[in-house]
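The following pair of complexes shares a single chain, chain A, combined with chain B in the former and chain C in the latter.
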Partner chain A sequence: MAAELEGSKSLSGLLSGLAQDTFYGHPGITEELLRSQLYPEVSPEEFRPFLMKMKGILKSIASADMDFNQLEAFLTAQTKKQGGITPEQAAVISKFWKSHKTKIRESLMNQSRWDSGLRGLSWRVDGKSQSRHSAQIHAPVAIMELEIGKSGQESEFLCLEFDELKVNQVLKKLSEVEESISTLMQPA
Partner chain B sequence: MEESSEPQLDAKSKVTNQLINFQWKLGMAVSSDSCRSLKYPYVAVMLKVADHSGQVKNKSFEMTIPQFQNFYRQFKEIAAIIETV
Partner chain C sequence: MSAVGPAAAHLHRPGDSHSDCVSFLGAQLPPEVAAMPRLLGDLDRATFRKLLKLVVSSLQGEDCREAVRHLKAGADLPEEQLGALIAGTHTLLQQALRLPPASLKPDTFKNQLQELCIPQDLVVDLASVVFGSQRPLLDSVARQQGARLPHVADFRWRVDVAISTSALARSLQPSVLMHLKLSDGSALHFEVPTAKFQELRFAVALVLKEMTELEKRCERKLQD
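This part shows the complex of A and B:
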């Protein structure tokens, strides 16, 4: 392995680039870009297997959503392997995962959501007053606008009108959901 | 998800719909091809809505648990306000 690859200076940058491409879906992070920016002294032929190895390690860690014990065990095993990583590289990878874990996990969750997500919610309550000839006066109404959209697509806006009765009906349903969540979150 | 502590609704949708039915499901995403250990719960909602002409449509979406809790909290706020108006 070229001396430059063994060093850990540029590895942090490489992992960031890999995360951008693999998890956050940013276009344009090519192998050549990473090599020329971070490891300009290394030939493309030598760089490729190195890149693939780091990508594989990062994907394994993310896929298993490793906690720090699992991470340490995994990385230690990688340092003992033939053609594995150096202890310095293990330290860089460990540091990277600890600071990016949450964001990467969120990206993976978003990638696996194929229905629309709720992007925004706004509302107001109108006090409707009818004409003096109408029997019904002061019937307040809640107007709610939901912004929903699928990953990578434009939002759709759904505007709903609720009277007090309807608001309470929905509220009852939401409390059922809350109860289900509590049951789910209870330790087994 | 945006929070509206000061509701200011400038509706982007021209049509106001009535909610006919609200169905929900609490799901748990276990695993996927990009992540073997997803383990996250989510709330899936199916709304049946009708516009002024009576045309009925289904709209579905998902929320993470924190998003749901925000949604629930806002509904409680609406209920509290609508009661006093």
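This part shows the complex of A and C:
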């Protein structure tokens, strides 16, 4: 393997670039860009298989959402393979995955979310005092603004009104949901 | 109710209440109410009771067009006068019902109507609507009729766990799917990731706490 390809700083940069392209969907990160920025001494013919190998490794790790034990085992196996990676490269990949794991996982999960999702929530509590129909109401009312949007699209904002009874009912249902999730996620 | 007649007449109208407090009808008597005594004098009581029933139904949110047609057919009153009476009675009752019973007492109400020269027996009928057994229903309708944002009429949920996806071989991430039906007829469904769900639950609990505290504070301060 060419000495230039062993440099860890460049590899770290390469992995970041691959993540941007493969996982976060940022456009414009071409093979030529990566080579010229990170491995200018290396020829395109030599660079391509190297890039493909790293991409393959990163994709395997991300797709399996490897924990650190699995990661160590996987990378060790890669170092022992013919045409695999060096221990130094394994260390760089390991470090990269440890710091980017959560973000990459979130991004991958979003790729499989096609429905609208709740992006944000704001609220306020008002005291209703008067209306055309009633001079004294004294009722607290909650106004919630839900930010809802689909992946890659602009959010829609929706304002809803709740009286105390309704808030109570919603809270009760959310508790049911919470219980359902807890039961589901308990280790078998 | 749109103002009738030239504006100048209203500006120079003398105060209608002889007592110190402002009438429940406001500082300026609505013209449709001012027109009532003149029209009520000769009206037979049966017709008035039918008219009153019609106005009460309308205040309860019912569609009264058929009832109005019926009344018009049965009464020997010109259409304009009937319209004026319906408008006047509606305004009168609506203004009285706006105020809580603690603010507008039955005697005050009756006195103020008498000052307007509304016949005594009709005053009794009107008072029975405002202070009688129908009041709670009229109050609850009024609460719902106020200017409002849409509210949640129905709320359903589902917890899904994505086992595997095209992007992640092993996902195992629970997600809450919510389906809301709103009061304006529209439906909303969206996914709530676990982290957002916790945020939502916390926010709703906090809102409830704030509302309870606000209610306690309001009760203490806004007593009449």
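As a working rule, the second predicted complex is superposed on the first by the 177 of 188 C-alpha atoms of A that agree within 3 Å, B and C clash if a C-alpha of one lies under 4 Å from a C-alpha of the other, contacts with A are read in each partner's own complex, and residues count from 1 in each chain.
By our rule, a contact is a pair of C-beta atoms (placed from the backbone, for glycine too) under 8 Å apart; a residue touches a chain by one contact, two chains touch by 3 or more.
These figures come from a predicted structure and were not determined experimentally.
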item: Partners on chain A (chain B, chain C) - clash or fit; value: clash
item: Contacts of A:Phe157 with chain B and chain C, given as first, second, both or neither; value: first
item: Chain B versus chain C as contact partner of A:Leu174, first or second or both or neither; value: both
item: Chain B versus chain C as contact partner of A:Leu121, first or second or both or neither; value: both
item: First (chain B), second (chain C), both or neither touched by A:Phe68; value: neither
item: Contacts of A:Ile143 with chain B and chain C, given as first, second, both or neither; value: both
item: Chain B and chain C contact sites that coincide on chain A, given as residue numbers; value: 62-65, 108-109, 111-113, 115-119, 121, 123, 125, 127, 138, 140-144, 146, 148, 158-162, 164, 166-171, 173-178, 180-181, 184-185
item: Complex contact set, residues of chain C against chain A; value: 94, 97-100, 103, 139, 142-143, 145-152, 155, 157, 159, 161-162, 165-171, 173-178, 182, 188-194, 196-197, 199-201, 203-205, 207-208, 210-212, 214-215, 218-219, 222, 224
item: In the complex with chain B, residue positions of chain A that touch it; value: 62-65, 108-109, 111-113, 115-125, 127, 138, 140-148, 157-162, 164, 166-171, 173-178, 180-181, 184-185
item: Residue numbers on chain A that touch chain C, as the complex places them; value: 62-65, 105, 108-109, 111-113, 115-119, 121, 123, 125, 127-129, 131-144, 146, 148, 158-164, 166-171, 173-178, 180-181, 184-185
item: Residue ranges of chain B touching chain A (in the complex, touch as defined); value: 1-2, 4, 7-9, 11-13, 15-19, 22, 24, 26, 28-29, 32, 34-44, 47, 49, 59-65, 67-72, 74-76, 78-79, 81-83, 85
